[in-house]
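You will see subunit A twice below: alongside subunit B first, and alongside subunit C after that.
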Partner chain A sequence: MGVKEGGNVGGSSVSRFVSVVVPLLLLAGLAAVPFVGTGPNVIRLLFMTLTLVTASVGWNLIGGFAGQISFGFAVFYGLGAYTTALSINGGIPPFSAFLLGAIVAAVASLLIGLPTFRLKGPYFAIATIGVSEAVRVVMMNVPFTGGASGYRIIDKARFVQSHHYYTALVLAVLAVVISILVRRSKLGLALIAIREDQDAASDLGVNPFVAKLIVHALAAALAAAAGGVYARYSLFIDPDGVFAFRNGIAILLMPIIGGIGTIWGPVIGAFVYGIIHEEVVANFPQAHLLIFGSLLILIILFEPGGVVGLFQKFMRTVRARSSVGSHS
Partner chain B sequence: MSAADFLNLFIAAVLLAGVYAAMSVGMTIIYGVMKIVNLAHAGFLMLGAYFVFEAYDRFKIDPLLGVLLAFPVFFFIGMGVHWLLVRRIATSDQPTLTSLLLLFGVWLVLQNLGYLIWGNSDRAILTPRTLSSIEIGPISFPTIRLAVFVVAVASLVGLEFVLHKTWFGRSVRALMQNKEAGQIVGVNVNRTAQIAFGVGIAFAGAAGGLLAMLYSFNPDFGATFQLRAFVIIVLGGLESFGGVAVGSLILALAETFVILILPASYQPAIAFSLLVVALIVLPEGIAGLWAKRRRWA
Partner chain C sequence: MAPILKLKNLTRYFAGLAAVKDVSFEIEPGGLVGLIGPNGAGKTTLLSLIAGSLKPTSGKIEFEGVNLAGAKSFRAVRAGIARTHQIPKPFRTMTVHENVEVGLRFGRHEKAAGTTKKAEEFLEMVGIAKLARRPAFLLSVGDLKRLELARALAARPTLLLCDEICSGLTETESGLILRLLCDIRRAGTTILYVEHNLRAIMSVCDPVIVMNYGEKLAEGPPTAVQNDPSVIEAYIGKKATI
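Coming up: the complex of A and B.
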């Protein structure tokens, strides 16, 4: 799948400057949102979008860099939500609770990865479709979290919306930083080698099994932290909400819309998804997945690079025009 | 548990296995020829269910006849989907990211078209046959299950005939064994792939109709059966028709007998547990086990 590398579009100092300054400006804008008086509804939408950014960036580590498509990230999101909820009710401070959720999800990710990553072929993708259904069914039936009727969180801290918002913002930034570090590390190179040609990668001394397990655990931990932050905000979770297959679909769609395998694609995709989702669900509750499904087909057939791919194409055209102009 | 109970459960499992095989064989043929995991299978199972339902509801076509009609209708739908979308993506000897995502998109579109057209209420196909049952001594089973089993097995026998007695069948088997060698001896890959996709979708549609006679359904209907079909083809080694039959029987037996030890609400998790066990114990499926035997012998 012609996945192009993000970053380093032209290599010129101008574009490098832009790729540092634009994200920082956006970050400053997002940090200022609670002070401009936009109202709780906008902050809620941005809060949700930022948790989506975290999950989307996490998915991209395994799905984008390593090329292992997972349909089951709802499992990690849900495990993070439930672990956080149980820990907070057990008197553990919220940030330790998020961390616990991340650890539980990372362990769970090994349970999926150990049987499937050894094998080449579609086994991982197939198994991830099953796992979210299986976990949802189990969670509907276990008594200590209230089963299908859901679980209520009693947070002793007073509810301040902006605290939750900044938690989500910090987590999203952390996710992007992790993504950049992974991409620039030896592990990141190994993952991309695995995506392009697993046999060649292992001939060159990469252990695909271990590399995939590590990055899958990292991705799961990020998705779980996002689930935990969401759970603490919403104060009530149930298996049909957090473990739903449609959450797994959303987490997969965002990086693809934005640009799979790039640093900023999953972030852009999460914002596009979050905002379209809000509008479309309000107006056509049944049609939103029809729209996203069609979008997915169109992206795969015409622009596998997503929004980032389109932007790069546009920049190349502009640069080609301007260089023709300077020569004449 | 008495012997009669045991026999009843066993017969129920065998009857279920017939439908499971018909439902999974379409996925095997598409995987075998194109190395594509058809994630849109669930969508076509669901469309097949509504096709048979509408044919019965509006035109009073007997559901069993509706299933037979579904074969040609879905064959052409499958060819159309191949022509419109699937032929445009590259394939290799492993399922590509692109193919997984494309067909996943098709599934999302079909499922939500289903919601737009039929809403989210459950439907069921009820005929006089639905409630009658056949009793032989202490053994009894519903007539409808027997009828569905007979149609499923007949369609599989028909497929077996096509695969072994026609040029299309020979091309399919050649491509499943070795794509390059097949091309060298003159198999038209694109044509065969298109027809194979049509046949795969035809079986998905017809199996959806068969399942609709046994269970109530809504637009989300295919998802759990799609997972079962995956488990079956993985058990069967992904591209072996004999493996599909054995895999269907194993899954049907596991799902039927597990109610003796676990509450029925856990049943949807059985297929997944079996998948994980299969991946750990026999990664190449049952057919792989046979191949290993042969190598040792």
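Coming up: the complex of A and C.
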């Protein structure tokens, strides 16, 4: 894999501008969207994209920072959606319902992590595939959530699209802030060490098992919150929708498109995916998975650093050119 | 003085092969103990057992009076045992400074070790302070070996396990590392130094332990060990009789 966050040599004023000013401008732009009269369809698309940002940033904590590739994040997304749905119907206020969803998913992540994090290499990834399918099948047959026919949410609050939009925006910002804090923390240092060489990390006092469990729980909680926000918006969920294996693939694909293991890669990847995905599905309903599969192969072959990696390469070339120019 | 490390009948099998068999010895605190033997003698396996990277099949590892046999390596580190690797295992995308920071923040507790040295100081000690901001994957083999040492030292061990830290280095570079090991020992850290190269070890270590085919062959001061017929046989072979 290419150079990642923390592998940068020094930090120039340009990259500081990019990493502080651009996100703030983007945030201001997103916050202004409901006021500029873009219409409900654009807001819906951005709402969906923002929930994807949260799930993608969450996945990146365990998949990108700690290098533990999980195909099973649909489990947490779905658990968040269902817990939120059941809670709201049970009279619990929405924000407490999201929190409950996050807690349920975090507990589930521990149950999955306890046996699977003892495995090394690709075994964790393989185990997550099995868990994801198993949970979907179980949810198809659970009677009190309606099984395969799905579950309807009765939200007492009047539907105001912008409220949902801002909820998703705040959650996405929270996810990015958590990601930045984790990366800068002692835990973040342990995670990168585990990704680079788990045995060497342990030989320096890092407990890899515990570090992975903690960050897996955090990642699951974020994915679940995203699922919860989505459930409350859509008012109807079913196992084939929220627990679908393709959701797990999408959550993994976004950080890879944007730049796995970086702070902004999963955000960029979610925007690219969220916006392109709809167009692709609408125009090539039979071939959209083929298109995304091909995209994945191309990225892994030619730019494992994703969009962020491409940008870093571009900046290095510009800097090299300008320093050559100043010498001549 | 009570020994800092006491191995009792330590054994490790890989499938049917005994890589380490019934090895027992003691190390006094403050020593610089050499562990030598031909290729495949079981030196690195023994070191990995002490460091907790491998689990022993049977036997005891008593460190400062506590049995560490079977404990994971991060527990051994927190108890005060740190190791370097024969083939460097750097965190490649981290900077050199961050690599040392891992040892510093996860190693033995500052209070227990009684030192508040910073990452820069450990880099300074091994002579790679000027590379602090560089990502580790850009380092040469020699510098990676130094980084291994700086990182292990940053974990503030009372017992440092060095695995062939001089292999692949030039004469001058290994001379510097050997001098550094002597300084570290003088500062109070006990060292168990595994080496393939006899000359390096004979010049700085006392006592020396010799292994062959997984078993302890001899133990004693370097000169005595050097003249031990079984050691000569292990290294050179038997005198041919016609």
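Keep in mind that, in the parts below, the second predicted complex is superposed on the first by the 319 of 328 C-alpha atoms of A that agree within 3 Å, B and C clash if a C-alpha of one lies under 4 Å from a C-alpha of the other, contacts with A are read in each partner's own complex, and residues count from 1 in each chain.
Basically, a residue touches a chain if its C-beta (ideal position, glycine included) is under 8 Å from a C-beta of that chain, and two chains touch if they have at least 3 such contacts.
This structure is a prediction, so every number in the text was calculated from the model and none was measured.
**Q** Between subunit B (first) and subunit C (second), which, if any, makes contact with A:192: first, second, both or neither?
**A** Only subunit C is touched by A:192; subunit B is not.
**Q** Tell me which partner A:249 touches in the superposition: subunit B (first), subunit C (second), both or neither.
**A** first
**Q** Touch test for A:207: subunit B only (first), subunit C only (second), both, or neither?
**A** Touch partner of A:207: subunit C, not subunit B.
**Q** If you stack the two complexes on chain A, which partner ends up touching A:107: first (subunit B), second (subunit C), both, or neither?
**A** Touch partners of A:107: none, neither subunit B nor subunit C.
**Q** More residues of subunit A in touch with subunit C or with subunit B?
**A** Ranking subunit B and subunit C by residues of subunit A touched puts B first.
**Q** Looking at the overlay, what does A:177 touch: subunit B (first), subunit C (second), both, or neither?
**A** In the superposition, A:177 contacts neither subunit B nor subunit C.
**Q** Considering only touches as defined above, state whether A:315 meets subunit B (first), subunit C (second), both or neither.
**A** A:315 contacts neither subunit B nor subunit C.
**Q** After superposition on the shared chain, which partner residues are touched by A:21: those of subunit B (first), subunit C (second), both, or neither?
**A** neither
**Q** Which parts of subunit A are in contact with subunit B and also with subunit C?
**A** Comparing the two interfaces on subunit A, one with subunit B and one with subunit C, the shared residues are 1.
**Q** Enumerate the contact residues on subunit A facing subunit B in the complex.
**A** These residues of subunit A touch subunit B: 1, 67, 69, 71, 115-116, 118-123, 125-127, 129-131, 133-134, 137-138, 140-141, 245, 249, 256, 286-290, 292-297, 300-301, 304.
**Q** Taking the touch rule as given, give the residues of subunit C at its contact with subunit A in the complex, in rising order.
**A** Those in contact with subunit A are residues 51, 53, 72-74, 77-78, 82-83, 85, 89-95, 98, 101-103, 105-108, 133-135, 137, 151-152, 154-155.
**Q** Note which residues of subunit B are touching subunit A in the complex, please.
**A** Residue list for subunit B touching subunit A: 37, 39, 85, 88-89, 94-98, 100-102, 104-109, 111-113, 115-116, 120, 223-224, 226-227, 230-231, 234, 238, 263, 265-266, 268-269, 271-273, 275-276, 279-280, 283.
**Q** Please give the residue numbers of subunit A that touch subunit C in the complex, ascending.
**A** Per the touch definition, subunit A meets subunit C at residues 1, 3-4, 6-7, 9-10, 186, 189-190, 192-193, 196-197, 199-208.
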